[in-house]
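Taking it in order: structure first as structure tokens, then the write-up.
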Amino acid sequence: MSFTTGLSLKFSIFGSSHGGGIGGSLDGFPAGFRLDEDRMKMWAQRRKPGSSIYTSQRKEDDTIRIISGFTGGYTDGSPITLVIENNDSISKHYDYLKDNPRPGHGDITLFYKYGKYRNYKGGGFLSGRMTAPIVAAGSLALDLLKEKFGIEIISWIDNMGGSYFGDAIPGDPEDPYRFETRCGDPESDRLSKDLLKEVISRGDSVGAGIRTVARNVPEGLGEPFFDSVESSLSKILFSIPGLKGVEFGSGFSFQQMRGSTANDTFYVDGGRIKTRTNHNGGILGGISNGMPLDFRVVMKPTSSIHMEQKTVNIEKMEESTLMVTGRHDPCIAIRAVPVVQCSTAIALLDLMIQSQKIDRVLKN
Amino acid sequence: MSFTTGLSLKFSIFGSSHGGGIGGSLDGFPAGFRLDEDRMKMWAQRRKPGSSIYTSQRKEDDTIRIISGFTGGYTDGSPITLVIENNDSISKHYDYLKDNPRPGHGDITLFYKYGKYRNYKGGGFLSGRMTAPIVAAGSLALDLLKEKFGIEIISWIDNMGGSYFGDAIPGDPEDPYRFETRCGDPESDRLSKDLLKEVISRGDSVGAGIRTVARNVPEGLGEPFFDSVESSLSKILFSIPGLKGVEFGSGFSFQQMRGSTANDTFYVDGGRIKTRTNHNGGILGGISNGMPLDFRVVMKPTSSIHMEQKTVNIEKMEESTLMVTGRHDPCIAIRAVPVVQCSTAIALLDLMIQSQKIDRVLKN
Amino acid sequence: MSFTTGLSLKFSIFGSSHGGGIGGSLDGFPAGFRLDEDRMKMWAQRRKPGSSIYTSQRKEDDTIRIISGFTGGYTDGSPITLVIENNDSISKHYDYLKDNPRPGHGDITLFYKYGKYRNYKGGGFLSGRMTAPIVAAGSLALDLLKEKFGIEIISWIDNMGGSYFGDAIPGDPEDPYRFETRCGDPESDRLSKDLLKEVISRGDSVGAGIRTVARNVPEGLGEPFFDSVESSLSKILFSIPGLKGVEFGSGFSFQQMRGSTANDTFYVDGGRIKTRTNHNGGILGGISNGMPLDFRVVMKPTSSIHMEQKTVNIEKMEESTLMVTGRHDPCIAIRAVPVVQCSTAIALLDLMIQSQKIDRVLKN
Amino acid sequence: MSFTTGLSLKFSIFGSSHGGGIGGSLDGFPAGFRLDEDRMKMWAQRRKPGSSIYTSQRKEDDTIRIISGFTGGYTDGSPITLVIENNDSISKHYDYLKDNPRPGHGDITLFYKYGKYRNYKGGGFLSGRMTAPIVAAGSLALDLLKEKFGIEIISWIDNMGGSYFGDAIPGDPEDPYRFETRCGDPESDRLSKDLLKEVISRGDSVGAGIRTVARNVPEGLGEPFFDSVESSLSKILFSIPGLKGVEFGSGFSFQQMRGSTANDTFYVDGGRIKTRTNHNGGILGGISNGMPLDFRVVMKPTSSIHMEQKTVNIEKMEESTLMVTGRHDPCIAIRAVPVVQCSTAIALLDLMIQSQKIDRVLKN
């Protein structure tokens, strides 16, 4: 019923792509964590359009203004609220979209839900731009998990447009950001670029999959029911616009597996219990088991494409056509990579606080 | 942090497979809905083991005792609480399992989380038996949605062990219950039975996928962020033991699609706006669009198999072997079908109440 | 919207005074606390009617059945659910009450809210009997706080019917239970008994005030806004039927005070900061300050009295009269004492868990 | 655990009196309500210091910047977020306060809770300035309730420093704002001013009581337990800094009453059931009964006084003295009047939405 998620760490977003600005609030973040505005900016940059020819060339000015949550450069236990201002380009184009909803986009459901009061400009609060505060706030969670617990979260595109790039996990969370396509290695990056060039030339878009692995996640996170690791992660992940599926470990491949293969057998390694395989993606019975957390999500092709599409004029209730002009992302999955990564960090930090694995006031 | 899910309709479960009983509470259910204990029993029956050779032959006595929530045979607006008693078979087998966790099972994470205080008998509160109250309570939601709104939810197995049974949607929610395998048609049922016989003969288990379609879902359910239809459904679905993935509409197939195909184009039909395809599974921007809700989940193979497996003795911290005796399900997906269906009903009814599509006191 | 309170420790109640039973569930209680059924029974006994001539002579059989939450005699981290069965006396009297609501009672608001579907027998789920699960479950919180943290919560009647019995705080939480009137000393008990005899002889009832002091509450509990100690306590306290006011520390006496007197000045005592007075009742800025938590509540006179009263026949919409027969409490405050005390324990334990002052798995 | 309250209408605050600003977010407000910035400003003005000699002469610039929630001048269903910027006066005085906490103030509990990371300047996020967003956002709820439902909420000071000004309820919600002391009539205003002049001359402060009456509240709001009208209101009210008690209807006067007097007898008036008295303040069994909602709160004397007080230097752990300079409120209750009124509006609107008495999208 609300624009808020999380239990012990609550995250909420507000605003829309056109208007006073967009922002977010992270409530329950431990006190005593140093603010590094440069890192936050760097993360925002990773999500921003216009960083390569493989993303939308739209110009967004993502200057983050931190309203609250810090005292003397450290988090002070109160909500961290940040606002990113919009530099509104007045677009006549949106007038047409108001009456002629884009296929595959939430234009029409905003109309269903809020009628004439809907926020329709540029997708209103269903714009992908709403993920900017997720990245800004989530990067703090990402850094905290890394710095205090050595938890590394890495997200990358492991397949695009039907090509699967293999099972290898990049060694470093920074690796995917060395490639404009957010793939995990040079070869996949090259293949993706070829595909994207062709997609761009047609004015079309393409879907892709993002895999995320988190190392050094402590055992015992999550609750058996409803607040399981899977439930907690999927609740925030499914709020990323365009994300239509989440699978943990072997996920949908379990459909063709036998128990004798799927069961991850235990062994002892250096005084700790590990599993030889990790088909369960680090989660058993909803609770983390100390193995790497491993899951995949699918991002559908960008709904805004530079091709003529059939739609309906909702005022006249008659069929019409639509040609979205302007610059769109050929593959929104690319810019979704840091969003998935930062969403994961927010959910994991919440689970850490719930499970009392982290103090509410850090010892520095 | 709790065994509760839902916002305006809260559902919680308690108990474990061994001990005083298991139960659930459904808080916020509209007043004025007639109790039909026979239907509730029928639904409980559909989840129970022992109903065919293709499920576990374990004997469970699922007599449902309704503690509260009804006055004069109608819901009275207070929490509907029900308890299902256990008829405990004292099992020495569980003593071995206590120290030697089953691979692929939550035995080990219960140990991590609760240590020596864990509820370990028969999987404790990670037992599949915990889904019995989901079905008992959820069947009320299912019936209410059907009776008052014509919303039909149908769930069935559409693939098993690598065989995909096609895209056809059964015409009637009762259809899958005509087949012991909960498939959608006689041919799929036959194929599944052949596969299951072979799996049973080896003492192994097999994974499968369950598809769910809900017809007549009103437009405008769900919120743009965090309480979206996808988020709300996945939160409860991922609490079903053994469920490892959820995809909406075309789901992971979006990975190989282009926007020009994936976008569901609009047209007008009888004064209503519909889409020619339903790749988005009835949800755009997190909000229902009036097309059938359509999603799939994957159930991993039962972790308890009748084969020797490698594990670790957690007291001695040394490797050991384990042979689970007793009767297990060759494919838990079969008994999970009504659980998925009833979980969907609970989540949908919550969304209906949140969106004020249903009155808290029914007009009869 | 629900019958649940609490954040990290969730407490819910269900059932009604007539029907299958009443019960409660305490979800989030730390694992590893030993069950002492005799103590739980003793606490239930303290709330039960019929324990003296100064309470209702109604016979209730409060046998507590624990459904879940314990393994091997210790809490196991899962919800503690308990059910108390009703031994329904069929009462024709309730038929009259159905149409002629008792003045001062929730009969009429149940009618407003749920119409013909309301649970009307014996006050339905607005019966004082609903507090039985609060005491049963809350006594566990009370014992845990005492045993692990030395936190002592003491509640007693400090005034009745206009007579104020003074500021002295009983030395021991058991003291008030030495008196049938739950006063703090023999003299107050004697005065109250004289008053109650007179009240009983008239068939009337009388109001009273209950004071609660909790010693050894750690500093730092509660949040600055909305989840403050005051907010958390008052949320659960105001659910006790008949409770109409809550004041912390000097409470409404602050109205006539000056800041120079009201401010509790600090001093150092044994390496700890204390205040010379405790006008703020142990809470500053919503957060506990290490001084005793100190608050008072008011319980209105029992609404059911043995005197003819004017009411309205809600079917005929005409004025009528009502004479409540049967046995009622001359002063519900007496039986509310353990309810206030146990509610306080539930709220405080929740604040302890939220503030991470207590481990979710106890070290024994 | 968070800076958020409310269920279907969530309200959160952020920021502090010194730093980037303070703000609030109101999530779940119905779509379709027209923004009237002038009215919002007028309300902000009523809470601001410096409006008369009877309040602090501190200069605060409460320019409200609306970030989100409006489209085309109407609420659009998304969170209404507003930010009020601080114009920080660098104050050396706060350096002394950092180590020497003010008696009666939350300075010390912030230290206990957040240690060296606390936000200490000007009370940090325990400053009374945190109530500015409550008034700004709450005024929208106030106006909506009035405009669409005729619900009028009126708050005024009915006693100060020991003088009680009588039971009369002002006829108009605007009345108290005709008096600098927020009393309900000229005579009480005059008496209060005399008292305040004396208090100011001593550098002291004084406590007072605020009564609130809401007319035309529909019947059936609130839930029997935990989300009762009393629980919902008290949860938000107890977050107002300095508020130490809440009583409904006759409140603590019930202590000396008999049931025969306290019970509000029913009668029929114009086809509706009313009560001849309203000792229960419009609430029975936690649910509104259609009579005016009536409650009182107590505001303690401002803790910051212009007199030397004993405190403790928390760094040296030795006793010290403190003389708060600068301008303080002689009676914070005066500026708390609109805060209580607007908090009531937020809580009532939430109860209206929960009870489905108001549509999420308004029909205009």
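So that you can tell them apart, the chains are marked A, B, C and D in the order they are listed, and the count of residues begins at 1 in each.
As a working rule, a contact is a pair of C-beta atoms (placed from the backbone, for glycine too) under 8 Å apart; a residue touches a chain by one contact, two chains touch by 3 or more.
Everything numeric here is computed off the predicted structure, so don't read it as measured data.
Across the assembly, the mean Cα position most removed from that of chain A is the one of C.
Ranking C-D and A-D by contacting C-beta pairs places C-D first.
Each chain gets one centre point, the mean of its Cα atoms, and the points for chain C and chain D are 27 Å apart. Chain B and chain D have centres, each the mean of its CA atoms, that are 46 Å apart. For the pair chain A and chain D, the distance between C-alpha centroids works out to 39 Å.
For chain C, residues touching at least two other chains, in rising order: 1-4, 7-8, 13, 78, 113, 125, 224, 354-355.
Within the complex formed with chain A, the residues of chain C that make contact are 8, 78, 224, 354-356, 359-360. Within the complex, the chain A residues that touch chain B are 1-5, 7-8, 13, 101-110, 112-113, 125-126, 130, 159-162, 199, 202, 204-209, 219-220, 223-228, 230-231, 234-236, 238-239, 241, 243-252, 254-260, 262-268, 271, 273, 275, 279-281, 283-290, 298-305, 307, 309-312, 314, 317-319, 354-355.
Interface residues of chain D, counted against chain A in their complex, comprise 1-4, 7-8, 10, 12-16, 19-23, 25, 27-28, 31-32, 65-72, 74-79, 81, 83, 113-121, 124-125, 361.
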